[in-house]
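Here is the structure we will look at, set down as structure tokens.
Labels for the chains are A, B and C, by order of writing; each one numbers its residues from 1.
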């Protein structure tokens, strides 16, 4: 091998990379414009940057953010990493000196943690959504933006082909007729997993461990995350999947439409409702911008896009939902509920017990 | 005393960097656990350790790490022999390829193993998904390369003649191996094993993705306790336990570490031709290589499948933002970000690593100085042993006040990656610097060279190649870093592993295919870098 | 006992050993002498079974060794720096081969003690090799090699790592031990003194070929060509007229070339040659001179210590015929 040439190439590459600005140094560390100062041209409008803290499944397309920036004069910066639990922990740990101005994506299963830590400032939007989505405690700080229910989804085509009926309720999952057909993400590692677990708690109360034992005895599969369950094991989500029953959302059937029908359906009596909230962070640099952002999230313009962005239903009754959604994604009517306070006080106990149970 | 003061002064800069970027954040998180609401409560921590679940988690961590280490050593030894002692065609390329799993992001490996072992995968019939066996397979997949590198380097430097003398005295090849070769390799084997044990015991992503929810190790338990349960006290208690174990292991491996001596080349034998008696080793190596290649091949195959037929659409789609707006930026942009981040992480890791290596390898005058040096050496290895979760949250709560408000800095990610790559750089450079005969520096000094000049004329020429190799290694490690990056990366500037994780987590058939394609691109980039590193032939790369 | 027939070893395009044929009778020591890189070590390794033959045969007592792996040949191998097993004590090193043969414990201990006393290392049994001097290590290596009375002992420059005094002493001891044990041994070395000290027979090797072989004194007295002569320790080779002049002065028949040692010309008042002293240097044994001889040129000579021979003086020289060798085949240029 030609060592001299290799040496030259390596040296040149190193130098090029180091010298030609192929580096992050000196980029993007721009100063944040001072917040809240009225702009000289349009005195009524806000200005500065609004930093949105969220979880990793939150996305705002360029078109929407541009609209917000046009309408309000603020610019948006999204800071997102980790799952819902990580987000709640981040907000709690940085309460008072937050990493942004407004948080989006705190759900009812995690809401009490940052609320208790004092991470949110008081804020009441001009047009809050319907009462049913608001928190009992903390509704003066957290505003409901979207909701969706975690339900068991069934591969209808599979059941048709096998000549079987899909299950109707939670207890059916432990029925030997459905042996080896069900997969769920874990309660300790996934927020839909947690939601499904909470549904079982709401249904069976203190007897939930017995149900879970039956579930495991019926060869239910517990995987790490929702994506593993849906795209790894669900017959309608993966070429290689082997299980026609999966824990997913009530909106999921809208993503499996073939022709004029969806190949999957929701088992409505298994649902647990998740509501996602937004809140102004205590100690925010730009509280006005934060408030404007929450107000904007509640406009029908944004609300009607929520299904495609986050696979959730908008809280605003007047928002239009996409055609597929209107036809195939039916929101659960009477989902299970467990209060955030009970979740907060029992979570550790439940999860410890649950993890012990499934690892036995 | 004066020398020790001078030593500490020289170490001040890297020590300060590590103090700010590591000790402070980790300390901050531990303080949250030990002193909730500002009141010290060490008793609560002890209570945590008495919980049966904590004991079970600790036991599971120990036995999986132990078994993973044993397997990695068993599989690594024949491969080390074949790839470092035999004239096998293509052995340099294979050696480079072997290092790829080690620097591959855990997300990618998780995807690959799931493809392979899942209920519908090629090995699905084994029913290994979500079992401890799958975790072990993952741990071994990551760490075989460490054994092959470390033991291979020692084997290469091993004088073959004692073995030949034994053979002439009537020892069969197996007897030679057991009575002569392995005892001579023992320091290297034990050193590599203790490193592997360390990596296995602190593995996070691989346990999380392959162990499913049933199995927890100390590292995943810290994550669960911090994010899901918000039990910072228990997390702090486990972090402390982990730190103590890691420090202990580092002490063991420092004592046993094999340092190839670049000054002594006389006795090393050129790789010899393959003989009939080598077939067992060859067969075992082939088996290991196949086992390592399988997950990667499954990944590659999957990346070319769209709707049940072969296609390059997944790769074409990398220029876009995925289905249903899964991504803010196209994967191609993320690749650029990854490369730029890696460049920054590399120069930071190199600057610190070179300083640290120079400091810890200078000859000590007296036991006190030696002790200071070895403590420093261990200090800079600490990032290996602390959970990325603890570090990530620590960043948020401690680096939030001027003048250390780094939370918004675009350099935060490369800095975190540099911390992760630092031990790799030090372990590559230190043995080379340690191998320079001090008399050469003395000779230079006696000829009128200032210490600075001596450094330039004696140390630098010996170290430039390892330095290049270390940069490549750090670069590759940074490309694949996921744990800390996923915590700190800003949304508008994600790296490829972060994007892959996002793609997997977003519904849409195309997204999964794109995740596979992006994984292949990342693995290829890593492999190319490692191949260049391998061409430099620095024996200490990856041998720590 | 050992016989090599047309042995050839190639590495790719290079021929390390080229059609070498040698015979070694039982109980004798054969030294293969040659400069480094001549292929002698490869030859030794081939005999040990460590290098595969490209062609040719190696036989012991008429049995072809092809297909017999190293550890079944019943030989023993000793390297220049001993290559003791660093993790084993001296006693365990010596006992290594005995243990491989599952020798009973009492017998083993007795044999180790016997061997250690043979090499003069009683009391060293529990030491580790790292604590021994070079000479001691070499003796342990010898004891280890002799432990199971090998059919053939292979020695790879056994003394060259030692300093001069130690080398001389150990050479004598080694020769005694080999003779006492009746060992058949093959020795390779680049040092003719080592060869002379240990061997009965000599083979000179160059560029992979054996250029000359035979009983040691025969080879010594009749080197086959100039290069061999110089390698065997002759100081220079004289040709043509100079050679004839010298041979005539020594009363020998004329020849075209003659190899001379330093001491072939001795200052003697009744010597037949006239010379002028160019320089003189006193050593403990004799005076070493460089002299100018008419018709020969400047050559080395020696004088007894009591001779008066200063630079510029005229002296007479006689020829000591035991210290020169007529080269048999020498093509005059």
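Keep in mind that, in the parts below, a residue touches a chain if its C-beta (ideal position, glycine included) is under 8 Å from a C-beta of that chain, and two chains touch if they have at least 3 such contacts.
What you see is a predicted model, and the numbers here were worked out from it, not measured in a lab.
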{"item": "Other chains in touch with both chain B and chain C", "value": "none"}
{"item": "Nearest-to-centre chain - CA centroid comparison", "value": "B"}
{"item": "Chain whose Cα centroid lies at the greatest distance from that of chain C", "value": "A"}
{"item": "Distance between chain centroids, defined by C-alpha means - chain B, chain C (Å)", "value": "54"}
{"item": "Centroid spacing, where centroids are CA-atom means, of chain A and chain C in whole angstrom", "value": "85"}
{"item": "Interchain centroid distance [CA atoms averaged], chain A/chain B, Å", "value": "32"}
{"item": "Footprint of chain B on chain A - complex, ascending", "value": "1, 6, 10-11, 14, 17-18, 22-25, 27-29, 56-57, 59, 61, 77-83, 85-86, 88-90, 92-94, 97, 99, 113, 185-189, 193-194, 221-228, 230-233, 238-243, 252, 255, 308-309, 311, 347-348, 351-352, 355-356, 358-359"}
{"item": "Contact footprint of chain B on chain C as seen in their complex", "value": "45, 48-50, 52, 69-79, 83-87, 96-97, 100-101, 141, 144-145, 147-148, 150, 154"}
{"item": "Footprint of chain A on chain B - complex, ascending", "value": "32, 53, 114, 118-121, 124, 130, 208-209, 211-216, 224, 226-231, 308, 324-328, 339-341, 343-344, 347, 393, 396-397, 400-401, 407-411, 414, 468, 471, 486-493, 498, 501-502, 504-508, 512, 532, 535-536"}
{"item": "Contacting residues of chain B [partner chain C, same complex]", "value": "159, 161-162, 164-173, 175-176, 179-180, 183-184, 186, 273, 275, 277"}
